[in-house]
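In what comes next, chain A is part of two complexes: it sits with chain B in the first one and with chain C in the second one.
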Partner chain A sequence: MNRCLWCDEAIVNQFDWLTFFTGGEHQLLCEACLSQLETIRQPVCKKCFKMSNSKRCTDCKRWERFFSGDDPLEKNVSSFRYNEFLQEMIAKWKYRGDYVLGSVFEREIKRAFKFHYHALLKEAVIVPIPLSKSRMDERGFNQSEAIAEMATDDRKKIVQLFERIDDEKQAKKTRAERIFAKNPFKLLKTTNKTVILVDDIYTTGTTLRHAARLLKASGCPAVYAYTLVRG
Partner chain B sequence: MVQRIKKWFHRPTRLESHPTERARRRNLLPSSSSYFHRLTEEEERKLAKRFEGKLLLRREIPLSDPQFNDLLRHQLFTPHPSFIKTIFQTRCKRCNNDKPSLLASFPCAKCCRTHLYCRNCIMMGRVSECEVLYEWNGIRYQWPTLLNACTWKGVLTPAQEKAANLVKKAIADKSEMLVWAVAGAGKTEILFPGIELALSRGARICIATPRSDVVRELYPRIGQAFKNVEVEALYGKKKNKDGTAQIIIATTHQLLRFNEAFDVMIIDEIDAFPYHKDRSLAFATNRAAKKASAKIYLTATPRGDLKQKIRRKQLPHCFIPIRYHGHPLPEPKLVADFSLSKRLTNKQLPKSFIRWLDQRERKTRQLLIFVPTIQLAEQLKVETAAVLLLKKLIKDESEVAFAHAEDELREEKVRQFRQRNIYCLLTTTILERGVTFPSVDVVVLQANHDVFDEAALVQISGRAGRAKDDPDGEVIFIHDGKTEALVDAVHAIKKMNLRAKTFYTKESER
Partner chain C sequence: MKGHFHLFALSAAFSVIAINTGKFSLFLGAWFLWLVYLYFSKRINFVLFVSAFFSFFFFHHYFPAYDPAAVSRPFPENKTYTFTGTIVSDIERSEEKLSFTFLENQTETKLNVVLFDDDERNKRFPYTYYAVCSIKGKFLTPPEATNPFQFDMRRYWFEQGIAGQIIVESAEDIVCTNRNHVLGAIYTFRKNMLQKAKETLHPELSGWQQALIFGDKSGIDEGTEMLFQRWGLSHLLAISGLHVGIILTIVYFFIIRIFQWTKEKARLFVLMFLPVYALLAGGQPSVWRASLMAVVVLIMQWKKWKLSHVDMLSIVFLTLIIGDRHIIFHVGFQFSFLVTLGLILSHEWFKQAENRFDLGLKISFIAQMMIVPLQMHYFFYFQPLAILLNVFVVPYFSLFVIPFCFVSLTFSYLPKYMVTFLETFFLKLNQFFIDFIKAIDKMVNVPFVSGEISLFTACCYYFFLVMMMIALNKKRHRNALLYGLMLTATLTFIIVKPYISSEGLVTMLDIGQGDAFVIELPYRKGVFLIDGGATFDFQTFEPKDNVFQHVIRPYLMGRGIETIDAIFVTHADLDHHGSIRYILEHFDVKEVIVHPYFNLEDKEFKTWRQLGAKITKANVFDEITRNGHSFYVLGPLDDKRDENDNSLVLYTEIGKAHWLFTGDIGKEVEREIASLFHFLDVDIVKVAHHGSDTSTDEQFLKTFRPKYGWISVGRNNRYGHPKEEVLETLETYGVTIFRTDEQGAVQFIFDDEKAYIKPFLNQ
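Entry: the complex of A and B
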């Protein structure tokens, strides 16, 4: 029997002729849990995918000013809105280390990459945001890597260009602290290909821009991003 | 913890008593390790107190690697594989879970291979196949024998005393029993003489309950009643979870870390969700108790299986139908309101509720409002504040709050409510039991909703009239269609009140 990955209730498959002919999709969440995941809907900020009525949200305008019009990040694509349910699910996934929960997002990640980055991916490489060594030891896996692996079937497209130097939890810092903190990444290799950075959550966009800045400074032509959640 | 390096004094431990083992140790130990730690008896006792009766992951043992490896080499810890595998099934050693949907695998970066982990007990920290569970194997810790440890100076009512004597007897005999006591009977006090007896025999005691709110409420009360005894509370959000006290008050989840630790296991609210649903919690409480131990179950609303055991005389029990202050349980008033659903969907309070607000006996009583869902609690907050402001029952919007299961601030809100800084608390069934407030009126909106089963409704009614100087309190169930649960709950309360009356007559006849 198929059980919901979140609440472990049995999933009653609604059998109809369509699923009969297509073989149906293996459902991972029950209807009740699935309905609590909110996907991002239009209109969104064209740059960062925050749900917003203007083409550039205030966050992005602030970044433009911060970099004097030369934001190292071209664009971010996200799939889900941050709500309490997703917050709990992501916490269980990455902090508790319930790896299998990540598969809930697989279909949406694949769709988003195909829809937004299909053309780009012919040339570009996917770079997951790394965890620090101690976090990695603690959790045993990196959620950004897991997202990257779900995004493409071609493992050669995924490269690790960074190493994390600081150990402090970004989550515990305030916005100001996060922005002024020194760059937490060290570039291990340079690349002359376009890069799609992958992370789980876009909150202020600082983490991605730290990484993007290092890449741009070392000759990378353009940096895009995919984050599962736009906070 | 143990830092200084000392000379190794040879002392026989349980394992060592075998002569070849002793010889092996003598030859092997002193030369083979670079870091060498010689434990004194005092140090080993300390370790025993900290680690005995537990089943822990390496990261739950706060010792340095050299220290720990040394203890391991001396076989003071026994490693157990974290999964028990047979051809047909795989089982988590910690929580006994063998449900395939709750076992999964992940690519472990540390081992560079994919392996199994348990999803069932992941909230206690992930157990994966590459890890081992450690059991203390050194000397047994002797818990102190404490005479006259109870510092509570209250007097038990005759009904309480009768039950207390039975509890004492069960503890002395290391047997099982059920205390079935209505909400407000003073269950906690009933335990005191039994706990005192157990302490006088050097026993270790655990009070387990499914809810952390109840742990937090019990902890200060037990601490007060046994001032000179180490008492420790263990629940999810608590930072320090050492679990080294003689009396442990814990959520059932926390017991997953224990293994044959307790001589007395008291399980409060044995009928409460999720205890009756999650098999691994029953497993945990069983394993945490020693093989020969007393097991005392407390409940106000036994479920079918327990009732059956009582009827078949498989489980000795005692029934306390009266509250400690002698007043009957407030009987709920059923109020049918057929515009209820419509009003609630519009985020409005039902008219019947507003009408009742005007007719309440005592407006100084705080309001505890139960609703079926978190969303509804949240949605109704603004409207409730507006209505109460209009009726001049509150002075400020901040006197209305809502609390739910995942609420980070629940603990704080409950505290504020108890201190009467909050006048009205909207909540889901999470506060149905365990927590007590001295003087409240209780309202259930949409009492015919599925989440309110008979036990929940009886428990909810039990929130009212807890104080001696205000023993009544109103209980209002607003519904738009009677359910079996509603009728049964009212019936059960009336029946208990009736039994209370006959109980009194019997007592006075003596």
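Entry: the complex of A and C
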């Protein structure tokens, strides 16, 4: 029997007009859990995908001012809104090592890449945000890499360009600490291709911009980002 | 298996369509391809794939396939026997007859026993289910259809698994010993409940109660029943999910709130109550579907099992067809499951509803759209406005009529004045509502007469419906509109088809002893009738409507005909003009054409006048041109002072053949016409007066030399028509004979290139 990856309840496929004939997709979450995942709906900030009525949210305006109009990050795309349910789910996935749970997001990640970055991906490379060595040893896998692998079937598109020096968990820092922290990344290789950065959560956007700044400075033409969750 | 029960239900459904349409390989192929798709896209595993595929063959053998040649006749016809066996159904009682199903011992076949005896005794018929009987009666096989689109009684009985009928003359010819059986007890209980309702309640209220709670429509006014049928509301009169749901709600309310039972106890009670209720409600397939569905839901709640709605519906479907293989041929069964499936698959779309009205409209839309092709197949029409009317009528019935009827079961325990008050309230309000529907019926009754729908058109219809619903589910409104337009185009094509068809027809309907011809010109340029006879009561000489209802109307509707450009009535005999009044009532008839000496005092004639018919008198030598087609009037030359001899004689050219319609003229008039119009070519002659020896003169045949003679005559008629000597005369002159008593309806089918004559029965 097919059970929900989150709550372990049996999953009942309710057919609709399409799935009655096609047999329907293999569901990983039950109806009740699925309904707790909040997908991001329009209207959103065109730049960072925060749900917002103005085209450019206050966060992004602040970043514009910070970089004096030269924000290294072109655009971020996200799939889900941050809520308690998702917080728990991501915690179980990345901190407690439930690797399979990540596959719950696969269909949405594929859809988002196809919808937003289909044209871009012909040229661009996907760059997951790395974990530091000690974190990697602790968790056994990098969630950003896992997302990148779900985003494309072409493994060659995924390249590692960074190394992480800082060991501190982002989640334990304040907003100000994050924004003014020193750049935790070190560039290993340079690239002249457009880059799509991949991370699990966009909270203030600092991490992505640290990475983007390094890339731009070393000759990368443009930096985009995909984050599973927009906090 | 879980999540895949529908594969087997669909396999059964497809195999039965394959049986009915004779397109075995088409449906098997489609079935196979679909399963291959499911298998390769990993929706089903190999075991499921194989078992679903082979279940198609299983069901194809499981359901009885009708073959007119192979219908068994366990007893010689029309002979009186004494049969022994067991009553295996409830006893159905109506005003004029009593009937039940009987399992005959020797042949182990099921027979339908009918007792036509309006004597009080049969009302008190004391026997019930499982009684062992010896019955003296005549064995009959039900009549087969002899006209296009006529309801085929023989096929119907065959599909119900009944081999024939026993006609019993008197209640005394049935002698039984009752045996105890739980079903018998339930049926007796039902009979007593019905009887009690009749005695204590106002007849109108008891009529509604019997229909809506006990599934017995006999108490509903026939006009109201027809009204409901015209407007796609019949589902309210047949007990279905709606009724069962309401009754369960009331029962639950009472036992939990009033009697303070626990939920578990209440559930157990309802679980036992449901099957008993299905029997009390008359055991129609829609009741069984609804009750079993409720049973499955309750068991799942109880055991905490999880199944999808489609699985539940499929399990109920499979249970019913395994319980009785004949049920799948039941129209109510097919409608019931198709509508429920449509509603289940649309749940996402229903969630998008903005308010209750919107939701009601959506439900009504799906319910009606699901059955359109079936409705056309069985009834040749559908009522598009039914979708709207249902939105108002269904809530009225579910909130008021059905609960009221159920609660009124307790009325015999209430004081008289309260009952009178409640009854008056119900009757007043209900009358108002029925009058409202009647007013709508008068103003905007625009049924969509489609005629028979082809398999191809039906497939197109369902394809576009499914595609439209997929698009609506996904909120792709532009796609939905596109498919909606294709759906409309399909429906439009159905009405337009006769107008673009180069095929024309002349049909001699088999109405028994009498005449009825239908002429349909190519491209539907004109539809004409020559005569429309009826059978009549030999005591009162009143025409009966059975010929109209069973032969003429189905034929016209089956051909998608709503308007008749002209009806020629050859003369005023009921076997030629008895059905005209019914045709005038139900079809748009532009003109009725009669001979000049037509008796204005004729009762039928007066009725036509009252129905607002435009009546034209045709004189000899007239050329009557309607819709560009000419009929030449060859007679009567003068008043013959005899109705038969005064018959309108018509000559016309249809499909490059020359036709002579002679009514009932005698030999003398035939000779007169032969001498006056000897220069005319005649290819096909309607043999005058059903082949009576007072007609078909040798001189007449010698003059016109027709190639074909059409005789419209009843089987074993009391006049001995057609006479042997007439047949011999026709043979002598080389006339090929077509006759309705042996060949059923006879059709002349033509287009620009070819023409042929096709009798309905091939012998």
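Everything that follows uses one rule, which is that the second predicted complex is superposed on the first by the 226 of 231 C-alpha atoms of A that agree within 3 Å, B and C clash if a C-alpha of one lies under 4 Å from a C-alpha of the other, contacts with A are read in each partner's own complex, and residues count from 1 in each chain.
Assume a contact is a pair of C-beta atoms (placed from the backbone, for glycine too) under 8 Å apart; a residue touches a chain by one contact, two chains touch by 3 or more.
Quick caveat, the model's predicted, so the values are computed rather than measured.
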{"item": "Partner chain in contact with A:V12 - chain B first, chain C second, else both or neither", "value": "second"}
{"item": "First (chain B), second (chain C), both or neither touched by A:K92", "value": "first"}
{"item": "Chain B versus chain C as contact partner of A:N76, first or second or both or neither", "value": "neither"}
{"item": "First (chain B), second (chain C), both or neither touched by A:R3", "value": "first"}
{"item": "Partner chain in contact with A:T152 - chain B first, chain C second, else both or neither", "value": "neither"}
{"item": "Chain B versus chain C as contact partner of A:D137, first or second or both or neither", "value": "first"}
{"item": "On chain A, positions contacted by chain B and by chain C", "value": "none"}
{"item": "For the chain A and chain C complex, residues of the former touching the latter", "value": "1, 10, 12-18, 20-24"}
{"item": "Sites on chain A touched by chain B in the complex", "value": "3, 5, 8, 84, 88, 92, 96-100, 136-137, 140-142"}
{"item": "Residues of chain C touching chain A in the complex", "value": "2-3, 6, 34, 38, 41, 43-44, 306-310, 344-348, 466, 469-470, 473-474"}
{"item": "Residues of chain B touching chain A in the complex", "value": "99, 101-102, 104-110, 117, 119, 122-123, 125-126, 128, 406"}
